[in-house]
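See below for the structure under consideration.
We call the chains A, B, C, D, E and F, going by the order they appear; numbering starts again at 1 in every chain.
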Amino acid sequence: MTGFRLGLLNPNTSRDHTDAMARLALSVLPEGSDVVAATAERGPATIESYVDSAVAAAEVVELVRANPGLDAYLVACFGDPALDAARELTDAPVVGIGEAAYRAACLVARRFAVITTLPRSIPQLEDELAAAGVAASCVGVLPLAVPVAEQGAAYGETSDAIVTVSRCAVNELRAEALVLACGAMSETARAIQEEVGVPIVDGVSFGALSAYALWRCGLRTSKTGAYARPEPIPYTAMADFTSAKAL
Amino acid sequence: MTGFRLGLLNPNTSRDHTDAMARLALSVLPEGSDVVAATAERGPATIESYVDSAVAAAEVVELVRANPGLDAYLVACFGDPALDAARELTDAPVVGIGEAAYRAACLVARRFAVITTLPRSIPQLEDELAAAGVAASCVGVLPLAVPVAEQGAAYGETSDAIVTVSRCAVNELRAEALVLACGAMSETARAIQEEVGVPIVDGVSFGALSAYALWRCGLRTSKTGAYARPEPIPYTAMADFTSAKAL
Amino acid sequence: MTGFRLGLLNPNTSRDHTDAMARLALSVLPEGSDVVAATAERGPATIESYVDSAVAAAEVVELVRANPGLDAYLVACFGDPALDAARELTDAPVVGIGEAAYRAACLVARRFAVITTLPRSIPQLEDELAAAGVAASCVGVLPLAVPVAEQGAAYGETSDAIVTVSRCAVNELRAEALVLACGAMSETARAIQEEVGVPIVDGVSFGALSAYALWRCGLRTSKTGAYARPEPIPYTAMADFTSAKAL
Amino acid sequence: MTGFRLGLLNPNTSRDHTDAMARLALSVLPEGSDVVAATAERGPATIESYVDSAVAAAEVVELVRANPGLDAYLVACFGDPALDAARELTDAPVVGIGEAAYRAACLVARRFAVITTLPRSIPQLEDELAAAGVAASCVGVLPLAVPVAEQGAAYGETSDAIVTVSRCAVNELRAEALVLACGAMSETARAIQEEVGVPIVDGVSFGALSAYALWRCGLRTSKTGAYARPEPIPYTAMADFTSAKAL
Amino acid sequence: MTGFRLGLLNPNTSRDHTDAMARLALSVLPEGSDVVAATAERGPATIESYVDSAVAAAEVVELVRANPGLDAYLVACFGDPALDAARELTDAPVVGIGEAAYRAACLVARRFAVITTLPRSIPQLEDELAAAGVAASCVGVLPLAVPVAEQGAAYGETSDAIVTVSRCAVNELRAEALVLACGAMSETARAIQEEVGVPIVDGVSFGALSAYALWRCGLRTSKTGAYARPEPIPYTAMADFTSAKAL
Amino acid sequence: MTGFRLGLLNPNTSRDHTDAMARLALSVLPEGSDVVAATAERGPATIESYVDSAVAAAEVVELVRANPGLDAYLVACFGDPALDAARELTDAPVVGIGEAAYRAACLVARRFAVITTLPRSIPQLEDELAAAGVAASCVGVLPLAVPVAEQGAAYGETSDAIVTVSRCAVNELRAEALVLACGAMSETARAIQEEVGVPIVDGVSFGALSAYALWRCGLRTSKTGAYARPEPIPYTAMADFTSAKAL
């Protein structure tokens, strides 16, 4: 029935991450849906610093332009890079997996913890929690101390580390749900949920369904105000984004 | 495929409101879904004061108890009465149409306005916007000055009033999307959207799909902490809620 | 001289709690004052969950209606259920013991801790602290781990538990005053204060005097805006609150 | 019965202001209470600038030291100068008329406006509203454009100006109560209340009763932490405040 | 004496903007200072949308890498794109002209207004004001309705528009200072200040001196935590930023 | 070239503190600058309580009046007493060392800790962090437990205590920079920075350069609104501040 076509945009250059996230999205969307997955062609293999994010954000803009005409877009990196910019370029709805994950956690629990990979990301995640209006519901951001590149691929070791940190969050910080702050962890969420006994949220599956929900309700990105199409500014050494018509 | 069964709980006693909202929910849910709609048996026909809300909240608790075993619940009154209490009584996910509407608006616009019926509701809605963490995205709450009982039933007059207020919100307050703060207005949202030219959000359709999304992701209400089942407190002159088993 | 008549409304069904709180209120009010104490006829014996609160809130509305014509009202449950609704139903001032307790603590100390009974109440109390605008002055909400039903009745054991938690709050969290988040603990406050050495606030006595203060200043609940009398909405299976005239 | 002795400290040098506020306080306190009123011996006749406030704050400290042994203190200037410092110098409770007024307004209305004398005070009052945690309940601070020195003395003209501004606040900003941000306006509050039809709060009468309420509840300023007695620092050219014993 | 060398990084491709800002910076820095000005080689000529910002942010990262070894850096675009990323790449201090301008305004006034070019930027600027912790001091963001490309170059017309908007901000919103939210307006600030009579802040001159101040105090960007050097992530189709050594 | 003349105002009576801070300021200001240092003639030798602050604030007002005609002023006490009042009395820019220190820390790190002398100051500093809009960047305020009078004079012992606390802040609270909340600690900042390995901020040197920066940019304290000259109020037993002309 649906014919819903979701653009899943992975701002890093790891195609296996893209594939895993696309599988996950497709597995939860209603029958007849399609996931068009795209991977950044330039930039970092994973995103762990502000520099990585800045480069990846520019790639998100490119990915939206290169994939016009879809029903909705999912920016599939937990920091939601260039989410606002992507919304300018299309009137299809655009969802980020970070804000989707926070929202899902708030719907099933009063207080959640966020599990991330490296301590350096804590302040950045705290800023995002504040910007998303959910800081008061977050009892803490806990680092995993396993490099992103090693996560998800081999279930065993990463999963163990996530379980250990998760139990600490539940028992000591009274977290009632957990958010996995990395698209690459998404595939392991359900397995871990059974071990830990509280809801474990990955942003990819709830994000994909949120994008579907907006589309199904006939809600499109507002073209009045902040998300109006970009002004016709001359661009040097790259294509002008205002010339992108068919989005 | 799905077999998803949503409990749509209308805390006021107007069965025609219930029916209209159930139709709307069913129209957006994936094929094979079912909506079990329930209407409060006691209390106000519409909810316009804190007193009405307090009475309706107790009815929500009753409605959850009277409709066990569903896959998810939608509290179908914009003020989200007794949302937390409903979550204690079930491990199915529970969504409120108020928070769903705010969330949808934030996904398609940077700044939205809320359209309500009476000026007296403005402070209450402002409190809810703050509690939902979206106050900074709301440019104003505007009253309609048409009694709730007359809304929705006759399209013409109410719709005109909504269109007039909507244009004011867009042109003078720079609202980029609009939220209709009343389940009874939901049916008219799409028609008005075409007239006003910005996204118009009703909480019922996006709320129903959010409940579906949580269920589809395997996310259930956390039974650790704030939403654990109620303590076994003795109740006088009414059934004890802790004896409710099958929820 | 005064002739001040305070309606003390206990939203739970425990008459011994009502009596203890009424004694406390009467002991601090100026000579010639009267306390009209009322106990909920339906609902939970104590209030420990969101479900209990939702049911109790509807009882507060009933209690105000059943006790018209008094000079002021005290909602005598720490969560201040239906405080806004009660204010709609009367132009006498209405005070809640929760907000009264927070306010008293802020007047005698810069930072206070809240002592509650069960861990599950922590998020709810944190929400109330935020709504009351005093979150920045609260260093923590500490659970007591003694069931509400056993508190207050037998001084010994409960008092010991309160003293232990209180010392922890003062020594480790640098609390300068303590708030007892339960009407049932109120009677023990003074005894504990002497043991712990910092002010210990119960909301009942300060709340009763705040209600007296408003009345004495000629301040009555505003009937303009949010606390205007409820709209004349039809009610099913129960009396319509707008017909209550003499309040 | 009471024997309650309140120290009313006027930080400006206008004895007629002191007398008027003392009369007002005495008129609302329970029979048998006493008001010991003290006026600053140095500094400005009224307080309208940050400079005036800074000078007056130092006088408050002097006034507390010069009036030891009372049951409670009321700092009778709307900006609550040196409130924290006064609390360090005594273990009697200390209340400020500014915070008292805001609190009273919040108890009888959901949204209030503040009426002040000069536009320059608006930012300072907004800071105080934020610090008191009541900013969200204030719909605006409106200047009166009548010099402080001319207020209160002659009822007629000032009252007219207050009535005009009050009506604007109620009709245009939807204020449900009004706070008079000047001790000197206090005497006119009741007369204006009848004209405008919403509660009009002066901080002196509610503040005096709040101080009484704390005393009656046995609550004294915490001597642990922020309000502990000052450290024994050597003072030059003035008495050392740590030598003040009998407070 | 100094030998201070400031890297002024213009993230847009307009060399005349770069030159004007470099002149301004040099004119206020202590004698002996040097300004190394760099212009983005790719991307938009001016920055007016989220898309423009995302592209420009990636260019800031490039500009820092291409200009190693300086004493401090000034990101010379009002939105402060990639400020955090730039700080990761160097241990020299990095200042943005947006936050510098807000800070200067707060030092000379209690309330300021921001003047920007297009209405679409208002929400983005409001987010930045909130993130900078100065939202409470800003009375409004006012658009100019003159395209960025026409500003600064021809003094006359733009200046007139700025003066008109500025007077509105001062007279109607009680702004006490004004911030020009565009590097390109910086050169006209002093001329306008004389016409309008309140301080007019451009971020370039105060930002350059703030960078100097940090350097002069021996304060360098912390390499512990959020601004530690980027992790060694593999980069595709572009140089890896972790290989940048000499910064 | 400059001829910049900074008024460094020490609100406590310790001339050796004044001298040390003046040396530090002069050492960072551009060649040709002059520091006119003034010490309070009345009041406490150091400032450790709210009482000390209130007295010192009145002295700051005196110090500004006694030192007219300078190019900028630095209020050299970490609590920034009477900063607003000082700004009323002059149109030269006025900077406080507290806000300067917080600002510098935010420019070189995402999260900082504050090191103070006594536990009693923690709430006051937390209030100041909130008022400065930087509370979200502060991971904690840590007391030193060495009396102010003994700090700075003898490098050895105090420095050791600061180093110990600093390491705790960095290792346990993940502080990325440290703020020394006492002018008297300023001289030791650089030495400690080398030991601890993160930026250590004293407010005196960055504050002096901030004052210089404002002056160099031609920014003067706004005389519109909050910082307009004080109203001509009659003063008793002391000079009227409005008569001060030449400031």
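Everything that follows uses one rule, which is that a residue touches a chain if its C-beta (ideal position, glycine included) is under 8 Å from a C-beta of that chain, and two chains touch if they have at least 3 such contacts.
All figures in this text were calculated on a predicted structure; none of them were measured in a lab.
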- Note on the structure: Shared touch partners for subunit A + subunit F come out as C, E
- Item | Same-residue or different-residue interface between subunit A and subunit E, half as cut-off | same
- Message: Quick check for the class: compute each chain's Cα centroid; which one is farthest from the centroid of subunit C?
- Response: E
- Whole-angstrom distance, CA centroid of subunit A to CA centroid of subunit B, is 26
- Message: I'd like the Å distance between the centres of subunit D and subunit E, where a centre is the mean of that chain's Cα atoms.
- Response: 44
- Task: Enumerate the residues of subunit D that touch no fewer than two other chains.
- Result: 84, 110-111, 119, 122-123, 136, 174, 225-227
- Message: Quick check of your reading of the touch definition: is the inter-chain graph here a line, ring, star, complete or other?
- Response: other
- Which chains are in touch, pair by pair? A-B, A-C, A-E, A-F, B-C, B-D, B-E, C-D, C-F, D-E, D-F, E-F
- Note on the structure: Contacts from subunit A onto subunit B in the complex sit at residues 1-2, 28, 30-31, 84, 93-95, 103-104, 107-111, 132-136, 170, 174-177, 190, 193, 197-199, 201-202, 205-206, 209-210, 212-214, 216-222, 224-227
- Note on the structure: In the complex, subunit E touches subunit D at residues 110-111, 136, 174
- Message: Going by the contact rule set out above, which residues of subunit B touch subunit D in the complex?
- Response: 119, 122-123, 126, 130
- Item | subunit E-touching residues of subunit A, taken from the complex the two chains share | 13, 40-55, 57-58, 60-61, 81-82, 84-85, 87-89, 118-120, 122-124, 127, 131, 147, 149, 225-228, 230-231, 233-238, 241
